[in-house]
Amino acid sequence: MSIDQFTYSPLPPEAEAIRGAVRGFLAEAMADIAPARRAESWMGFDAAFSRRLGERGWIGMALPKRYGGAEASPFARYVVVEELLAAGAPVSAHWFADRQSGPQILHYGSDAQKDFHLPAICRGEQFFCIGMSEPNSGSDLASIRTSARRDGGRWIVNGQKVWTTNAQRSHYMIALVRTDPDSKRNDGLSQFIIDLSLPGITIRPIKDLTGATHFNEVFFDDVVLDAGALIGTEGCGWAQVTAELAFERSGPERFLSSIALLQSLIGAVGAEPDALQARDIGRLAARLATLRQMSLAVTAHLAAGRNPAWEASVVKELGTTFEQEIPELAEALLDVAPATRGGSEHARVLAYLMQEAPSFSLRGGTREILRGIIARGLGMR
Amino acid sequence: MSIDQFTYSPLPPEAEAIRGAVRGFLAEAMADIAPARRAESWMGFDAAFSRRLGERGWIGMALPKRYGGAEASPFARYVVVEELLAAGAPVSAHWFADRQSGPQILHYGSDAQKDFHLPAICRGEQFFCIGMSEPNSGSDLASIRTSARRDGGRWIVNGQKVWTTNAQRSHYMIALVRTDPDSKRNDGLSQFIIDLSLPGITIRPIKDLTGATHFNEVFFDDVVLDAGALIGTEGCGWAQVTAELAFERSGPERFLSSIALLQSLIGAVGAEPDALQARDIGRLAARLATLRQMSLAVTAHLAAGRNPAWEASVVKELGTTFEQEIPELAEALLDVAPATRGGSEHARVLAYLMQEAPSFSLRGGTREILRGIIARGLGMR
Amino acid sequence: MRQVFDSTVERLFADIASPAAVLACEDGAWPQAMWAAVEESGFPLALAPEALGGAGASWADVCGVMRLAGRFNVPLPLPETILANWLLGAAGLAPAGGPVSIVGGGSLRLQGSLVSGKAPDVPWGGTVPLVVAVTGGSAPMVVLLPTEAASQLDGANAAAEPRTTLLFEDVAPVAQAPLPAGWPADVLLLGGALVRAAQIAGALEGVLAMATGYAGERVQFGKPIGSFQAIQHQVAVLAEHAAAAVMACEAAFAAEDTRIVRLQAIAAKICASEAAGIGAGIAHAVHGAIGFTHEHSLHLSTRRLWSWRSEFGSASTWSQRLGRAVCAAGPEAFWPGITDGRFGTLQEQYA
Amino acid sequence: MRQVFDSTVERLFADIASPAAVLACEDGAWPQAMWAAVEESGFPLALAPEALGGAGASWADVCGVMRLAGRFNVPLPLPETILANWLLGAAGLAPAGGPVSIVGGGSLRLQGSLVSGKAPDVPWGGTVPLVVAVTGGSAPMVVLLPTEAASQLDGANAAAEPRTTLLFEDVAPVAQAPLPAGWPADVLLLGGALVRAAQIAGALEGVLAMATGYAGERVQFGKPIGSFQAIQHQVAVLAEHAAAAVMACEAAFAAEDTRIVRLQAIAAKICASEAAGIGAGIAHAVHGAIGFTHEHSLHLSTRRLWSWRSEFGSASTWSQRLGRAVCAAGPEAFWPGITDGRFGTLQEQYA
C-alpha cells in the first residue's frame, strides 16, 4: 500500500460530457426543494425522483445494456453521482441498489437473479438495503449471528439485523448471515437476496436524534427463502462483502454529505468575508478539490479492475473528517445558532447537519476501523 | 477521580504579595536578554542568575528555615515560578533541585542528606538532574536496568541513563536504579543521590535538532557510592518517584513553555488584529487563564497534602497541547517564515519554539502515557 | 451555601427532570408543574437582594445550580430567571414573580417612556410573561417588558428549546431603572454567556459519565470497548475539556461580590463552548450507533451542547472580542493581564 | 518522460544527498560538487523550451523531480532554478547557466532600464549569481538580475537553508522581457508555492517511511510501539495527509501544457502546508526522544516541513485568497468552481 497510488486521474471527456445534461435536469427537477431538504444528501428519499433518474438512464449506468444499463465507465457514473450529491438530490431510494447491490448481483448473481433484479434496478423501481450490522456486532461484523439453515432446497433465516438504512422502504435486502453454525468469525458467512415482503420479517424503524427514521431493526423469524436467494458462493459471504468495500468507501458521498451547509455558509457569509471566514472557506475549498481528485484516483483503480481498498479507506477517513468539520466551522464563522424551528434557512441547515454529522464516521466503517486498516496497510500490526 | 476536583483556588494574598518584588527584580535582571533567549524558558541555563535568585530566597522557598528555605506556602513558590517563566528567565540550573530534588530530600532524606544538600540548593549553588530514562525504557520506566549492587557498606552502580536534562552541568543526579537484580518491573527499584564528579561516570551531551545540548547520556562504570547515597527506602524507589509526579506535571512550566512566542506574536500582529488573529489570540488567552486556574487547583490539593496525580495529568495534557498549538497558530496568523539566521526577532523565536515544541509532549510523560492515566482514573482499563 | 444549594437542586432535578420529562417538552409545551416545583424551591430568586425578597446569594453560590441545570437538561428558563432577577435587584428593582427571560442582544431602545426594537432568539420568549433587557443609547436602562405586548416569531434551538424573536413597538415597561453606574450595556450578553458556560460544563459532566459507563459495558471484538486505547484516549480528551470547562466556570462564578469578572466570564464561555463541540463529538463516537438514536438519552445533552455553545456569543465571537483587547493592550501587558484577570481599563472589567 | 526523470533523479539524489551531505551544508557553505552533479543531469533546464536549449518538458514531467528533491532534502536551489528557467523561457529568454533563484514577493520596480526595490528571503539569494523576478506596475517585466549588484541581508529558514534578502538600487537586468500576456504578476509566488508543495509532499513520504519503520522496530512495554492502537492511528493520520499532499501536487502539476492551473496550485500549497504541520508533529511523537536528536535524520525533513509550509505563501495566506474568490463568486458558483477548477474570471486561472 502506498500513497503513490494517488495518481492524477482526470475525468475522460465522454464522462465530463454528461455533466451538462445532469445539471440541466437538476436545475429543473430540484427548483422547489429547499436547502434544509437538500441537506439530507443521500439520505433523502423520493421514489418518484428515482424513477425519473431511471428514465434518463442514470441508475445502474455501468451495467450491461442487456440489463438496462449503459455500459458506461465508472467515471460517467461518477459525474452523475457527484452532480446529484452536490445538488442535494433525494437519491436514497435507489442509492444502495445503484452503488452496491446492482454491481454485486452482476458480479456474483445467477442469470435468473440478473434478469430479475438488474433491469428493475436500472428503472429505479427496485430498492435495496444492505443487512450487515447486528445488535452485538457493530464494527465487529465477524461476530454475526443471524443464521440461514438449510431445509431441503430451502433456507430458513432467523435472527436480527440493525441499523439497516432504508429497510422500511426497500424491496430487497442483501444480507450477510451465518450458514455454517459451527463456523467462527469470518468463515461460514453467506449472502442472500431477501424479499422483504416475505412472512416472518418484521421491520421496525429507529428514530434518530433528529426524529428522522433512516435506520431500522429487521427481525427474521423462520423466514423461508428459495434456494435461488443465495447470491454468490455459500461460505464466501465475507470475501464478497469485503471485495466491494472500495466501492463503498471512496465515492463522492464520503465527502459531500455537508455540501449543502458549505454552500449555505458561503451565502450567509456574503461576498466579502473577513480574514477568518476567508481562511476557513478557502481551506475547505482546497480540501474538497483534493478529496475529489483522490476519489477519482480510486475510481481509476476500480475502473482498471484493481481493488484499492486501502486507498478507499484513506479517502473515507479524510472525507469524513471534512464532512464533520463543516458544521464546526460554520458554527465558528458566523454568530448564528442552529435552529430546528424558525431562524434562517442557514440556521436550519446548520442544525440538521450538526446533528447528523456524528453518523458520518459511524456508517461505512468507523474511524477506528479505517485507521486500523490504513495502519495495517502500512505494515503495522 | 473526578473533574469536580477542579475547584476555584485563588492565590492567597501573602503569596500574591511577592509578585511585585519578583517582577521588579526581573525587570532589572532580564533587561538585556533578547526574546530568542527568553524563548528557552526553563531550559535556559545561567548559574549566576540562579545564585542571584538564591540570594533573594526564591529557591527552595517551601523548605524549612533551618535549611535555608522560607517555609513559604506552595502558592508563594507558584507566584515566583510563574513570574520567572513568564519572563523567560534562565532557571534551568536550579530548576530540578527546586522542583523535585529539594522536596524529595526533605521528604525521604536522612538528616545528613538534608544538612548537606538543602542549604546549598536554597543558595542556588547545588544543581541536580533526574536520572530516569534508559535506552530501552523511554516511557516504560519499569524496565530500568541500571543497577546498584551492594558491596559491603557500599553500592556499586553500573548501567546507563539517557535523556538526562542538565547532567553535564549538574552536581548531583537523583537516579532510579535497580537494587534487586531478581526483581521485575516496578519492584526492586531504589533512588540514589549520585555525586556526578565520582570516578566511573561519563557524561556525554546529546545535541538536539536545534543544535542545543540539554540532554545527556550518562554512563556508570563500577561507580562506588557510600551507603549514605541511598535516599528513602531500598526497594521503594518506584513509589517515591510516582509520589512526586503530581508536582512535576501540574506546574506552570507545563503550559508556559511557548509564552515568549505568544508575546512576540501579539507584538508582531499589532494593536489591530484581523478577525482570524483576534479569534486565535483571544482563544489562547482564555485557555491560558483557565489552565492557570487548573494548575492552581492542583497546587491547592498539594498544599493540603493530597496526591492529585490524576488532576496533574489533566493539566499537563491540556497544557502541552496549548504549548504545542502556539507555534502552529503563530505560523497561521502571520505570513512570517521561521528564521534561524537573519529575519525578525519574532521569526527567530518562532523557529526556536517550532523546533522545540515536539519535546513538550515527550518530557514528563508522553501524551499516550498521560491519556492512559486519565482514562484509567475514569475507571477504564 | 454552595453545598446546600447543590444537594437541594440535585434532588429536585433528579425528581422532576427525567429524560422522559425533558423529551416531553420538545413539542414546545410549557411544563407548568415542573416550573412550579422550581419556583417553590426559591432558586429563581437566589441572586435577588434580601431586601427585595431574594436570597441574597452570590454568583459563587449558584455555580452548582447552573451546572446541574445543564447536567439534567432542565427544560426551563431557570438560569435566565436567576440572571434576570439578579440584574433587576442590582438596579434596585423588585424581582419578577414567575419565569423571566433575558434579552442578550438585539436593538431595543427607549424613546420617551416606551421601548421599541427587536429582541432576537429570546429563550422561552413566547412562554414567559416577562423579559429583562438593557436598552441601548447613552443612558442604558434596565427594563422589564411584557412579552404579550410584542409580536412573536417562533423558533427553537437544536435541542428544541424555545427561542422566540420578540418585536416591540412602543411598549411601556412594567418596571425600569438606570443600569448601575459603570456597568456595561452588554451585561445580559455577558451574564447569558456565563450561565450557558456553566450549563455546558454540567452537560459535559453528564456525557463524560455516559461515555465512561458505556465504554465499560459495550463489548466489541470480545472485550469492552473501553479497553481499546483509541477509545480510552478519546474519553481522556473529553475528560480534559470537561475539566477545563468546569474550572473556567468555577473561576468565573467565584467573584466575592455579586458582580461578574469579565475576563473569567469570557474565558468560561470560550473554553466551555470549545469543549462542547469536542465533547459532543467524542461522546457520539464512543457511543456509536446507539447514541445516535432518539431512544438513547445522549442527545438530550449533545443537542444542548451544540446549541448552548452558540448562544450569547459563540467561542469565536468572544475570542475575537478578547483578542482585540489583548492586542490593543500589547505584548507587555499580556502576562499581567492574565494574572490580574483583566485587559484594558478598569471600567471594562465588571458587569 | 516522467518515469525516466523519476528514476534518474532518485539515483542521483541517493548518490549525492546523503543525510551527512545535507547536514554538512547547514553552515551555509555552497556544495559546489553537489550542484555540478545536478547541473550535469540537465534537470535545471527541464522546463526551458527546446528551442532555447532546454528539455521542453512539462510540469507533469517534473512533479516527481520536485517530490524527490523534497524527499532527499536536497540542499540546492534546484526547484527554484527549474522554475526560473521555465519563466525565462516562457518570456522568450534563454535559460540561465548555473543556479538561479526566484523572487516570490517584495517590491521590485523597473524605472527606465534599472531595477530597484527589496526582494525578501530569496532562497540561496546570497549564493546564486542570478535571480529571476517579475517587476511590479502596469507592464510587468520578467527580469534576470545579478545578485552581486544587490545589498544582501543574510538569513536562513528553520532548516538552515539560506534565505537572503536582496536590496537592489538602480541595477541593470542581465536580461528582460515582458511577462507573457494574460499571465499574472504573482506567477513566481504561485510557482514557488507549487514547487514547495511538491517538496513538502516528498518530505512527507520520507517521514511516513521513517515513522512506519521506527514503529516496527522500537519496543516499549514488551512489544513494538507500532502494535499500540494510539501509534497506529497517528501514523494512519500522517499517511492520510501525506496522501492528500501527494494527490494535490500531482493534480496541480498535471496541466497538459507548461502553464500552472491556479486553483490546483493553490489547493496543493494549502493541503501540503497543512499536512506538513500535522505530519511533522506526528513523526516526532512517534519517534519520541530519539527523533529529537541532531544525530537522527528525522529533523532534516521536519525542519524543512516547518519552513517550506511558510514559504511562498502559507496555508492561511493562500486559503484567504482562495476564500475571498469563492465568496465573491457566491454559493451557486461554488460547486461548478470545484469541477471546473476555477473561481472568478478566466484571466485569473493560469500563471
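Before moving on, here are some points about what is shown:
Letters A, B, C and D mark the chains as written, and numbering starts fresh at 1 in each.
The rule we apply is simple: a residue touches a chain if its C-beta (ideal position, glycine included) is under 8 Å from a C-beta of that chain, and two chains touch if they have at least 3 such contacts.
Nothing here was measured: the structure is a model prediction, and the numbers come from that model.
Touching chain A and chain C together: B, D. More contacting C-beta pairs link the chains of B-D than the other of the two pairs B-D and C-D. One simple way to say how far apart two chains are is to compare their mean CA positions; for chain A and chain D this gives 38 Å. With centres taken as mean Cα positions, chain B sits 51 Å from chain A. Each chain gets a centre from the mean of its Cα atoms; for chain C and chain D, those two points are 49 Å apart.
Across the assembly, chain C contributes 228-231, 233, 315-316, 320 as residues in contact with two or more other chains. Multi-chain contact residues of chain A (touching two or more other chains): 275-277, 279, 332, 368, 371. The touching residues of chain D, counted against chain C in their complex, run 228-230, 233.
Within the complex, the chain B residues that touch chain D are 133, 136-140, 143, 162-163, 206-209, 211, 215, 276, 324, 328, 331-333, 335-343, 351, 354-355, 358-359, 361-362, 366-368, 371. Interface residues of chain C facing chain A in the complex, by the touch rule stated above, are 28, 121, 153-158, 160, 163-165, 219-221, 228, 230-231, 277, 280-281, 284-285, 288-289, 291-295, 298-299, 302-303, 306-307, 309-311, 313-317, 320.
Against chain B, the residues of chain A that register as touching in their complex are 274-277, 279, 332.
Within the complex formed with chain B, the chain C residues making contact are 60, 205, 208, 212, 215-216, 226-227, 229, 231-233, 235-237, 239-244, 246-248, 250-251, 253-254, 263-264, 266-268, 270-271, 274, 315-316, 318-328, 330-331, 334-335, 337-339, 341, 343.
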